[in-house]
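We just call them A, B, C and D in the order they show up, numbering each chain from 1.
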Amino acid sequence: MNRTTPFALLTNGTALPWADVPEWPLPEFLRHVGAELDRGERLNSLFGVPEGGALRLVAVLAFDAGNTLVVGRSRPFSGSFPSLTATHSQAHLFEREIWEQHGAVPENHPWLKAVRKDHGAGPAVGDFFRVDGREIHEVAVGPVHAGIIEPGHFRFQCAGEEVLHLEIALGFQHRGIEEALAGGPHRATIYQMETVAGDTTIAHATAYASTLEALAGTEAPLRAQWLRAIALELERLANHTGDLGALAGDVAFLPTASACGKIRGDFLNLTAMLCGNRFGRGLVRPGGGPHDGGTERLGKLRERLETSLAEVQQAAVWLWDAASVRTRFEHTGHLHRKQATEIGLVGPAARACGLVRDVRFDHPAGWFRFAQVPVSVWPDGDVFARARVRWLEIQRSGEFLREQLDAAPDGETRSPLPPLAPDTLAVALVEGWRGEVCHAALTGADGRLRRYKITDPSFHNWTGLALALRGQAISDFPLCNKSFNLSYCGFDL
Amino acid sequence: MFVHDTLLNRLKRGCATMAYPAGPAPALPERHGGALRVEAAKCQADCAACVAVCPTEAVTRPPDRRVALDLGRCLFCAECVKACPTGAITQTGDHRLAVRRREDLVLGEAGNEQLRLAGVLDEKLRRLFRRSLKLRQVSAGGCNACEADTNVLGTIGWDLGRFGIQFVASPRHADGLLITGPVSKNMELALQKTYAAVPEPRIVIAVGACAIAGGPFVGHPQVHNGAGVLLPVDLFIPGCPPHPLTILDGLIRLLGRLEESGRKTG
Amino acid sequence: MNLPALVLQLLLLLLLAPLVSGVIKNWKAKLQNRRGPRPWQVYFDLAKFLRKDMVISEHTSWVFGFAPYVVFLSALLTGLMVPMVHLPAPLSLFGGVLAVVGLLALGRFFLALGGLDPASAFGGMGSSREMTLSAIAEPALMLAIFTVAITAKSTDLSQMALSTQSATWKLLNPAHVLAFAAMFVVLLAETGRIPVDNPATHLELTMIHEAMLLEYSGRHLAFMEWGASVKQLVLMTLLLNVFFPIGLAGPGAGAAALGISLLAYLAKLLALSAAVVVVETTNAKLRLFRVPDLLSAAFVLATLALLSTFLFH
Amino acid sequence: MNMNDFSATLLTCALGAYVAGIVGALLFQRAEKLANGVGFGLAAAGGVCGIFACASSLATGAATASQSFALFPSLIPYVRFGLRADALGCFFGMVVSLLGVALSIYSLGYVRGYYGHKNAGVLGAFFNLLLLATTLVFLADNAFFFLIAWELMALSAYCLVSFEHEHAETRNAGVLFFIMSHLGTGCLILGFLLLFQASGSYGFEGFHALGDKMPAARRNVVFLLFLIGFGVKAGMVPLHIWLPAAHPVAPSNVSALMSGVLIKTGIYGLARVCFDFLGTPPNWWGVTVLTLGTISAVLGVLYALMEHDLKRLLAYHSIENIGIILMGLGAALMFLHSGHPVLASLALIAGLYHTLNHAVFKALLFLGAGAVLHATHTRNMEDLGGLAKRMRWTTLCFLVGAVAISALPPLNGFVSEWLTYQSLLQGFGTTTSLIRLMFPLSGAMLALTGALAAACFVKAFGVTFLGQPRGDHARQAREVPFPMLLGQGILVAACVFLGLFPTVFLKLFDPLTRQLTGQQLSQQLTMADGLVLSGGPAQGGTVSTPGIALMLLCLLPVPLTLWALFARRAGTRIGPTWDCGQRGLTPQMQYTATGFSKPLRMIFKALFRPRREVQREYDFSPYFTTTLRFESHVEEVFQTRIYRPLRWLVLRASRRLRALQAGSLQAYLIYIFVTLLALLLFAL
């Protein structure tokens, strides 16, 4: 790290005593965070830690260039705090969440609305933004959508077919996971971590496991970390293949849509070979997973991986060759690189706007410290770019799995987890298939979890979808929505 | 030429739909374990090893009565199987889990070592929906894994369409609801309105541990612990998430197309 | 206008129409390597919809309940005016091709009103798109019809079929081939097939035809679906029996000739369905503002057909 | 008393009734109810007499042999106030009388809205004057009497258009109407002078078949003058700008009369000049009229689609239908040139039958719009909606009008468009030159117009009557009083009758076609004793609207048996519209009129050149917009491209000319002397 910063440095997947975290009065803390963001750094997480009657703000920033994370906290305060969103749009959703969870009001926040809670009026009610003009009409696509997808409310302001403004109201999948974690980890915690977002089970479970291991001061055995990396890449393969198929399905291109649907099932079955569950439930446990793959099981997995990769190659070739598909994908749902940086996009959505952001590359942890996966980037920022980034990631994950399955480290995959250190802060980032999953945990004096903050990549990216739709035709919304394919339950927790 | 290439490739690959239910059922992943079996007789006198291990209190052992396992709350994590010293709780590897009544999922009593499989719909509904069942899916909370596995049934391998079962866009066209997720408080109104919008006669199917009893989020103040609290449920399919084969078996068992399809194909 | 021919054609129309859309769905599934629903699945769906109750929106007026019957009856009536198996169609006296196009427009008019009535955004969206696209498709359809009507010197469908049937080399006459191509594109647009609209879509923001039916349930939905499949059969028959009237039984034909004509008609119908299925399987859906370009291409084809009538006269 | 005198006496009774109506309405101005009753009652009586007069003379074929009779002795040479009820005059007379009856009955209820703040008596008087003048225009036998009646019609129409002169918009529209119609009258006067020069007298029988005796160049000039003169009154495209301005601001019964009859005087004039006076026309006349007709049809419906003011939408549709009529007349002229009198009379019948149909369903739609205006006090469709449940009968009448104007079977719009298609189709074989391509292409444009009209009326009916009320005016709307419904009911009956029994009316066209083209087609066009309408040549294609209507009823048992077989036990439940499970639909979530036609605006943006302003305001970053305003306009191409530059040129020229009146006496004397000298030289 070639420049100084007032924050404390912290590498991904390690812990820091709560006392060593630098502390400033509130205005000075916010000024420091603002300064770092001005320098182009990224805000991973900003959350409140209640302390007695007052509240303390904690900020976790990622210095991608410096390959390190930094943390800082404010002194306890009560009442309101000056909003960062005025100058840095990245923080707008975090501040709304702090207001909703702890009641501290961000002063002159431009868009202070409920994030997920039902303030007596329900998530999809209240003063939606309205465009004034005689010929404007609203299209409200409510919580229950036409297909089999999660509930979310989209309020379009349209002049005929053209969308002028889209406002997204979520919170329907809110199950109160963070509230249940206080005083954890309980018996059900690992199962709740696996069901934060079902299709990102491995990423969330790995982040939770490495956070606890950091708090306990140990590290999972190498074979367990290797197994987690294999499962993470299999999960990425399955979801990206599913997305390519869904994108083809949205433009009614039947060859790829039907093929990719089946191949996604095959990749999920590969994960099921390791742990019996198609989504990898039970594979990752703090301190190393219970299941171990025998050599012949891994060999069989290797062959079936080859056939599936060949099939997805064939399906994708049809997609890229069809001119009618290309005309639908290009210049639809366009996001500029500047917009992506300002709102802090992560994952394939950011990489499709030309931003080189990948936790496996910038903040390697676990097995990714030893095996590199090149970052897949595409410059245009439209649906085509997002589809191409997914295709590149399928190829590179396939390559990574071929290498790693041939050179498996030996050793035990299970080791007991010592008790957690008291008054310690740990942060773990994992590159889920939708982007950076960030778990931050703070233990109390008794070694139990005092505050646990989960940030799903969709938390950063939903604003991106709302911006991508401005000026588009409303008939292109399902295509843009599927090109992002964000998680509703990851956002709602 | 592109068109010619795709057509030739398709015809070469032939039909990728599985023969089930006419042919043999595809194998579950061998570490999946399938259904559970509870012989309360084998329990030692005061042993409660399994109760301490279960994340959602699915296993209970009240002081005077024998051990009881509620498969509706069970996440099939098989921790209790590992923890039980005498092997009272075992995995049968059976993929058939669908039941018609909530109490059919409670195992442990003398005659109820295993779950009582779902029977066919009553005659009037069966004759109406046997060949054409249109379902409206409602995702009310949950983690999107059950939705993913229900979606997989539409792909070419499982091909739900061949049974005349289809997921439709509007509840007006639907004959029933397929609910996933623990019905969060925020989704309660939407679920009620969707149910009201479906014309009678209608059925309700709860898929996944969340929709039956709240799954890993049982007891959270933000959820209703399952669809049964709000709506009359006709079919429960436990699992977290239930394997697509289990969901498919539940659906065609409900319509009575399982045994008669044994006689002829499709 | 003999009664038995009318009743027979009515029954043929009612029974064959759902079968054709069922066959198209089944073949599309086959081309995706899946077994897919049985071709006669559509009958089961219709029978079940008829038996089901209905939920009607509180905002609707009598137009909402009136529209399904108009759509269903106007489609049936057009079916009786088009020669399917026997050359002079049962009701050919009551109207030629202009009356057929007019009745289809009447059905579309009330379908769009039925979409607007329940005051939902999707219905309005579907009606707006349906009326826009059919307005752009109408001149291409009319010009293609004119090309054939001019060579046959009549707007009566039976006369048109007779004129193309009589001179055999006329089958490959460039005017007919171009007019057939234009009418095929219009067929895809009118029956909501893939390049224009996706019948099996789940996304209500992209639907055109289905969006108007979102509010219908029970027997209203059955009549609407049945009417749509009859309309599709009528347009396909119009295409087939006017451009390829091979084997069409003449006025005084006996039972044997009628049998052959029925077989020829079914074979042609399956061939056209295969063509529709191939187009649907290998194309993606056009962006909504590209569809008028497709339809104006059809208009250019029809104009070329018109020009070539007197170049190769 | 033979038929001739019977219809003549009835005719004078009609005109007398109108005059009595004028006097009565003015006399009882103070007592509004009485003035309304007398004025419009007498107008209705006059209309009834007019219908019987014209219908009887047409039916008995007496029209062809009728002589003209002087209304009263004329004191000025060359001027003779003679009326002649010939076939063409009687047909148009019947149109105006039929509409006169329906509109007067409607006005009895409509004018109640003006009690208290406007003078109903004056409205009644001018209404009768307009009816009188229009009937005289159709029956005038002398050029001077024609021009006098024409001017009387223009002035009374001006007074009626600017009846609600408190709004500036009305005044401007009235002035625009006044100027445009007098430009047209100027051309008419020149045309009649040229005809007088060729024939020596002002009587119309003198002008009969005058064209063959005139030199070709002068004949073309006469045709152009009459085309422009009558084109302005008919609302042909380049000269149409006054129509969408004047009709909406006039009271609804007046705009119905103007749209139904006033613009038909232009059609009458064209028919009289082209078919009666100028003999066999050169080919380019027919081509111009057909082309102008097609352009008027397509542009009329395209501009109508962009409107969200109900009456402006209907005004633009008048331009569209005038275009369709002109297509019929243009085709007839081309067939006359190429020597096919049978086809020419078919095209003429198509054009004139559409004139009658358009008069009926356009008046019906304007009455419907008037009823909506009467109940909700607004014409803007964006504030209406949900009227179907509040104004049940008006909705039904407007729906019948919408189905008729969209040319959907089995109503009358379909029949006249079917005849137009038949004439265009059979026209292809008349010549071998490339001109014959015009017929199918204009047929395709007619199809485009029909489909766009259907789209426009789905929008107009759907947005106005269906769904939820968007404004609170619409929410409190109540059904209109009975006379207004009766007026609409008469026109609905006329629509249905004209649609189901066209063959009955074809007999009325026989004397007309015998007079203009020497053919008699009613036998040829009717088959199966009046139930089936044929296109002319054997096997040429037939249609039977009664058959279609009957079969639609006969097929009803099919769904009913399905209902009995399957759905006997099925129940029905009323529930909220499916809104994806959110907290309920608001009226803003319905499609707006502009939104409905937005795709067409994007497709035809080369013509509309839509301009849109989007103002976005935000405090910190564009991602969190505070306010967003969106306005979009369609450019009035004709105003900005033709009329505004024209007006600018005229003003500049007039400023320069003002220099001539420098005010010095000597200058004026010199002007007089110079002109005198010029005239003398000219006279040598």
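The definition used in the following text is that contacts are C-beta pairs under 8 Å (C-beta built on N, C-alpha and C of every residue); 3 or more make two chains touch, one makes a residue touch a chain.
Owing to the predicted nature of the structure, the values given are computational and were not obtained by experimental measurement.
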Which chain has the mean of its C-alpha atoms lying nearest to the mean of all protein C-alpha atoms shown? C
Chain at maximum distance from chain C, centres defined as averaged CA atoms: A
Considering B-C alongside B-D, which chain pair is linked by more C-beta pairs in contact? B-C
Measure off the straight-line distance from the CA centroid of chain B to the CA centroid of chain D, and report it in whole Å. 68
Using mean C-alpha positions as chain centres, tell me how far chain B is from chain C in Å, no decimals. 42
Suppose each chain is reduced to the average of its Cα coordinates; what separation in Å results between chain A and chain B? 29
Dist(centroid_CA(chain A), centroid_CA(chain C)) in Å evaluates to 48
Among the residues of chain D, which are close enough to touch at least two other chains? 571, 573, 575-576, 578-583, 585, 589-591, 595-599, 602
Note: chain A residues in touch with at least two other chains are 122, 137-144, 146-148, 151, 160-161, 255, 258, 322
By residue number and range, which residues of chain B touch two or more other chains? 2, 6, 10, 16, 138, 156, 167, 169-172, 189-190, 194, 197, 199-200
Line, ring, star, complete or other: which one describes how these chains touch? complete
Contacting residues of chain C [partner chain B, same complex]: 29-38, 41, 44-45, 47-48, 51-55, 201-202, 204, 207, 210, 213-218, 221, 278, 281-282
Of chain B, residues touching chain A in the complex: 2, 5-6, 9-10, 16, 29-33, 53-56, 75, 77-78, 136-152, 154-157, 167, 169-171, 181-182, 184-187, 189-190, 194, 215-217, 220-223, 240-241, 243-244
Which of the residues in chain A end up touching chain B in this complex? 116, 118, 122-123, 142-144, 146-151, 171-177, 179-180, 187-188, 190-192, 194-199, 201, 242, 255, 258-259, 261-262, 264-265, 268-269, 272-279, 281-282, 291, 314, 318, 321-322, 487-489, 492
Enumerate the contact residues on chain C facing chain D in the complex. 10, 14, 47, 50-63, 69, 72-74, 76-77, 80, 91, 93-99, 101-103, 105-106, 108-109, 112-113, 116-121, 123-125, 127-129, 131-132, 134-143, 146-147, 149-150, 153-156, 159, 214-215, 218-219, 222-223, 288-289, 292, 299, 302-303, 306-307, 310
Can you list the residues on chain D that touch chain C in the complex? 385-386, 388-389, 395, 399, 403, 406-409, 414, 418, 421-422, 425-426, 428-429, 432, 437, 440-441, 443-448, 450-452, 454-455, 457-459, 461-463, 465-468, 528, 532, 535, 537, 539-544, 547-548, 551-552, 555-556, 558-559, 562-563, 565-567, 569-579, 585, 587, 589-591, 595-600, 602-603
